[in-house]
Amino acid sequence: MSEPDLLLNATDIRKSFLGLKALDGIDFSVRKGEIHALLGENGAGKSTLIKVLTGVHKADSGAIELNGQAVAVRDPMHAQQLGIGTVYQEVNLLPNLAVAENLYIGRQPRRFGLVDTRTMQKQAKALLAQYDIEIDVGAQLSSFSIAVQQLVAIARAVDMSGSVLILDEPTASLDSHEVELLFGVMRKLRDRGLGIVFITHFLDQVYAVSDRITVLRNGKLVGTRQTSDLTKVDLVSMMLGRTLAAATEHGRRAAPQPSERKISFSDFGRARSVAPFDLTISAGEVVGVAGLLGSGRTETARLLFGIDLPDRGTITVDGKPVRIASPRDAIRLGFGLCPEDRKADGIIGDLSVRENIALALQARRGWLRRMSTREQTELADRFVKALDIRTTDIEKPVKLLSGGNQQKVILARWLATQPRFLILDEPTRGIDVGAHAEIIELINRLCDEGLGLLVISSEIEEIVAYSTRVRVLRDRVHAGELAGAEISTDNIMRAIAAEHGAAR
Amino acid sequence: ADLTVGFSQIGSESGWRAAETSVTKLEAEKRGIDLKFADAQQKQENQIKAIRGFIAQGVDAILVAPVVATGWESVLEEAKDAEIPVILLDRGIDGSPDLYMTMVASDQVLEGKVAGEWLVKDAAGKECNVVELQGTTGSSPAINRKKGFEEAIAGTPTIKIIRSQTGDFTRAKGKEVMEGFLKAEGGGKNICALYAHNDDMAVGAIQAIKEAGLKPGADIKVVSIDAVPDIFKAMADGEANATVELTPNMAGPAFDVLEKFMADGTMPPKQIITESKLYTPADEPMKVYEEKKGLGY
Amino acid sequence: MTSSRLLPFYATLVIFLLAYAVCVIQFPNMLSTRVLGNLLTDNAFLGIAAVGMTFVIISGGIDLSVGSVIGFTSVLIAVLVTWYGVHPLAAFCIALTIATVFGAAMGAVIHYLDVPAFIVTLAGMFLARGMAFVITTDSIPIAHEFYTTLHGLYFRMPGGGRLTLIGGLMVIVFLAGIVVAHYTRFGSYVYAIGGNRTSAELMGVPVARTTIGIYALSGFLSGLAGVVFSLYTSAGYSLSAVGVELDTIAAVVIGGTLLTGGVGLVAGTFVGVIIQGLIQTYIVFDGTLSSWWTKIVVGLLLFAFIALQRLLVVLSARKGSSQVATP
Amino acid sequence: MSGLVSGLRKAAPQLACLAVILFFNWLAFPGFFDLRLQDGRLFGSLVDVLNRGAPVAILAIGMTAVIASKGVDLSVGAVMAMAGAVAATMTVEGYSLPVVLLSSLAVGIACGVLNGLLVAVLELQPIVATLILMVAGRGIAQLITEGVIVTFVEPGLIFFGTGSFLGLPMPVIIAAALALLTVLVVRRTALGMLIESIGVNRSASTYAGINSRLLIVMIYTFCGFCAALAGIIAAADIRGADANNAGLWLELDAILAVVIGGTSLLGGRFSILMSVLGAIIIQSMNTGILISGFPPEYNLIVKAAVIILILLVQAASLSGFKLLLRPGAAATARKAEA
């Protein structure tokens, strides 16, 4: 009954978590030689579907066929044996192992029964070269940035996928160069006859590579279409269940009135981290930070927020000199930072959504002045509504939320402190179009109220969309700044590419 | 010539042990012996290490208070090869007597027997239910003192051990276990005597008996072993009835024979058994208490 | 780059050499083959058990049953050989099998019931010691000619030191441990589980099999340590090796392995064991410390070693790479 | 009211275990549940369980905070010995009771601060950091007493071990008061949440502005305080300081109590009252062993069996009995967090 070129066919998949129907009768199929985009809002059930397909979760009901034969995928190892390679949403690698070991664990080349490290490293080098990564594959994975780790995860999954490759938001925090490389690889694999499942929130990327689109909403299947038959507007309304008013194109903010309320960092730097730089952020300003992977953007943020201490430089807030020796000092001055690595530095997984949102505010108040549970609940309720955080209730441990919703929780944590200066490192990573628009709108509104913002993003369109100034980093040096009408995708690209550094 | 002697002590798990250590140091000082002391913290492997260390240092003689009877052959063999005489303190070891020069020890079985015989005499044919506080499970004094006591009462069917549990040689456990015994035996009404493998446990148990509203020494007789100062105080207060002395001065006789051997090569007898003297309230307990207090118990 | 992982190991090694030099300056006798031979022989059982503990700790677990299993095997062997006349080799096989199965069972409970290793192995610790008591509370000497033969197997080094069979066995176990940790898939699984169990599972690491294997290995090596202990003392005693688990954990950790799992070296553990032996030897050579000062000094030396190690690691990390430590 | 109900539901497996153990105790000794009032004081095996369990319960209260912060404190036993030694020697030397108590508690606090600094500032692994004091601390305690059991007769100090108040033994009163006070402080201030937060993810907590270093030092300090309190009680109970044996191996009992109470050794969510319940379970088992009349060689086997029983009950109640029938269910549950 199945089509001949059907690789993977899942029918009527159901899965619920404690009464929450995460998947409610989903049909999903992957054909030979296609790239199939799986789309939907945050919490729609995309990752859950992937986990069911790869044996992480057991479906409550439903059937999965692989190459026309019914299979019951026992666990991820079994899925791998069946030729399904997967990159899960959060980077699920082993930071304490070498890069090469991460790529080959469980299938290391052996000589005389022992692992042949030299061959393994040679193969690993060759594998990563396809993605333009030249790194010491013997070094620990944790010594590389999230983006590199993501690429390693992709390289590993691609290398292992015999027939199906599943990528759950692989491009979040990759820059356009890496994304292009990845698409190149995906197309090559498609031409070899693999079926690829691709989850993303970047609609441009969907149109750039995919052949078919399946949309989920609230755990239900909305439909599957040929990409060529579906316009962007229709796609968005399929995903959201409504049309998105004007949210897709947002006008650039005008530079705010020069204000006395400003924060200046001068001659700020740290050896082997970021070269000394000057940076001033006035109230109402949005400074975008652009640069290639490893150009020092995250390190700049860490420096500004007092996580790493500068070797040199001074800070003044509203003209008065201040000292920041820890994140606490920064927070006391009204700073906030949404970190890039939300799993490691952002969420407190076992605590509830409510507590996660209240945390920074509570920490600032000090332990003696506890926020009452009611106060916390009100706060959390307010932000759950404002940011449209999808959760069954605010007492749910935050680790059980979908990736994009976790990101929103962290954003809420900082907004709750009513900061005057907020640093966002890849803030829209994994956030869906609808929420994306809402968050940008929120940012705009906050800036109108006098918030200063520093946004680090790999998505240049996004930077163009809301920055009043753009800082460009190259090789750990603040290499240039664009303002006003200079800000455009082309100009930023050119600034990034100028004198291409030796770092990569 | 000054002698250098290595002393491998088990540890400092009890007041008696601490006293033995300080008496040994005192005796060595008195005789101008350079004593190398090593505390093994209850571990045989540490004692073996210590003995090997002494051999490597080239001491003139070694004193060992073996934590357990077995397991000394190969290390003592090495000492013999290095021609260093070894003297055992407190207890003997299994294995060839050639391995050591002599042993200065008490007879642990006898200690238990003396305690048991006292009880047999004291009970004078009346029914007597005894509860027993054992030492650390598996330790040789616990095994031997139990054995000796049981031998002594074997011929007297009126005396029965009704409960026996370990109190780990400590005061705290002695008290806790005694509390349990008292509860389980009708508030202590069924108990006529307590036999504790050491005084520390007895002292703890005496408190438990008092707290249960009974009179130790009268309602429940208390007999124990070691003769540490605190039990004499209890005896003076009429709360304990008998204790069997285990002298902490094992080193004195050891040094005596050693000096003689060094002087003219006299081989001592293989065993020097210390006295297991019984003390009762008749023996002027307060006087003994004062005597013993300075010894580092 | 790769050397950053070896850093704690080098630091430990340097500290050991320094400490040894200090000892020798104070007590020239300590520079003798006798002392070196003793370090190997006297710590053989500790070292062997510590190899197993290293794997357990790298995997993010802990095994508190080590000391009890040593005690249990030594009693079992003694009873089999002395009371039942079993040949020692056969007794070894029986004991090792039981110890391995015991470890595997603990691993299975840890994995399938998803309970902390701390608690499971604590129960294991009680159980093994309890079984030893039930077999017998007496200490049982072993007088079998096979033991005498084995005792005769040593290499006399110039200067009177002995490289004994059990000392050599420890070295072999360490070498094997290093190979398993770094050159087998099992070894990489151990590191993987310690790094992040969930990720390891998602990456297709056979977590169940590996966890059971790790504790089985630890059980086996504890059993082997028990065999060595029984050779060392020619006896079996239910109270032997009490608290050895803490010594092995300390050795493993001094050797630079993180208790949080995922990071560590078998070779580091070797240095850790030898350092502990050195502390003991130093105290014996000194010979003036009272019982209590012995404990205090052991604690202080332990602290000195660990603090120095951290200092070296932090200093060279600061010099070596651009890596910024997370707060 | 609903809080009580949900609390009871959460405690169901532990309460079930306790009930089973108490039932066996009753089988072994039919008078187990008897209580009688004498001289205004309650007597009975149940009171004994509480009384004997009090030191471990007090240790467990401090240990809970430490474990919730993803640490562990092995030194509590040694700190008990030190505090007891200080209390006893100072009493013998004639210092007044308040001075004695304060000094003794100060010793515990100092030890806690030391542990906290080693963990938070030097960033040593908690097990190792506290192992140092575990070894050295007992030595210091013996140094204070010079290896002797220092016996004292000061009724004021003894009252803390064997006195009674409101019909209950003092140790029980102290433990209960400490537990309630701690719960109050931890839940009425933000401390509880902050501790859980650093226990779950210290890095993220630092990013959120929590002073994790200070908090960790505070936690270990509190644990040291609890240990000192337990040490005073233990010494007062036997009217003497037994430096070598006081608190010996009690750190394991305390950790066990915390884990039985459901706090994960990996840090995070904790409950003080549940840890106290854990301590009571352990003591019921110990008392049961004492009154059962089994030969002592079987003590450890019984202990192991009870721990295994508790683990099984907990595991079963966590995910229903299907877990036992279908191995791997726990693993699947864990994977869900990926």
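Per-chain residue numbering starts at 1, and chain names A, B, C and D are given in the order in which the chains are listed.
We adopt the following convention: contacts are C-beta pairs under 8 Å (C-beta built on N, C-alpha and C of every residue); 3 or more make two chains touch, one makes a residue touch a chain.
Chain-to-protein mapping (UniProt): A = ABC transporter; C = Inner membrane ABC transporter permease protein YjfF; D = Simple sugar transport system permease protein.
What you see is a predicted model; the values in this text were computed from it and never measured.
Peer 1: If we look at chain A and chain D, which chains touch each of them?
Peer 2: C
Peer 1: Weigh B-C against A-C on C-beta contact pairs and write down the one with more.
Peer 2: Comparing B-C with A-C, the pair joined by more C-beta contacts is B-C.
Peer 1: Rounded to the nearest whole Å, what is the centre-to-centre distance of chain B and chain D, using the mean of the C-alpha atoms as each centre?
Peer 2: Whole-Å distance between the two chain centres: 33.
Peer 1: Suppose each chain is reduced to the average of its Cα coordinates; what separation in Å results between chain A and chain C?
Peer 2: 44
Peer 1: Where the CA atoms of chain A average out and where those of chain B average out, how many Å apart are those spots?
Peer 2: 71
Peer 1: In chain B, which residues are in touch with two or more of the other chains?
Peer 2: Chain B, residues with two or more chain partners: 11-12, 18, 21, 137.
Peer 1: On chain C, where are the residues touching two or more other chains?
Peer 2: Each of 133, 137, 198-199, 201-202, 290-292, 294-295, 326-327 in chain C touches at least two other chains.
Peer 1: Counting only residues that touch at least 2 other chains, which ones in chain D make the list?
Peer 2: Answer for chain D, listing residues that touch two or more other chains: 142, 146-147, 203, 206, 297, 299, 335, 337-338.
Peer 1: Of all possible chain pairs, which ones touch?
Peer 2: A-C, A-D, B-C, B-D, C-D
Peer 1: Residue numbers of chain C touching chain D in their complex, please.
Peer 2: So the residues of chain C in touch with chain D come to 109, 111-116, 118-120, 122-124, 126-127, 129-131, 133-134, 137, 197-199, 201-202, 207-208, 246, 249-250, 253-254, 258-260, 290-300, 302-303, 306-307, 310, 326-327.
Peer 1: Within the complex, which stretch of chain A touches chain C?
Peer 2: For chain A paired with chain C, touching residues are 56, 75-77, 79-80, 86, 88, 92-98, 101-102, 105-106, 108, 110, 113-115, 117, 136, 138-140, 143, 156, 272-273, 299, 302, 307-308, 326-327, 344-345.
Peer 1: Which of the residues in chain A end up touching chain D in this complex?
Peer 2: Interface residues on the chain A side: 17, 51, 56-58, 88, 90, 92, 305, 307, 326-328, 330-331, 337, 339, 344-351, 355, 358-360, 362-371, 399-400, 413.
Peer 1: Help me check something: in the complex, which residues belonging to chain C touch chain B?
Peer 2: Checking each residue of chain C against chain B gives 27, 29-30, 32, 34-35, 38, 41-42, 45-46, 133, 137-141, 151, 229, 232-243, 277, 280-281, 283-285, 287-292, 294-295.
Peer 1: Which of the residues in chain D end up touching chain B in this complex?
Peer 2: That would be residues 29, 31, 38, 43-45, 48, 52, 142, 146-149, 151, 162, 234, 237-240, 242, 244-246, 248, 287, 290-291, 293, 295-297, 299 of chain D.
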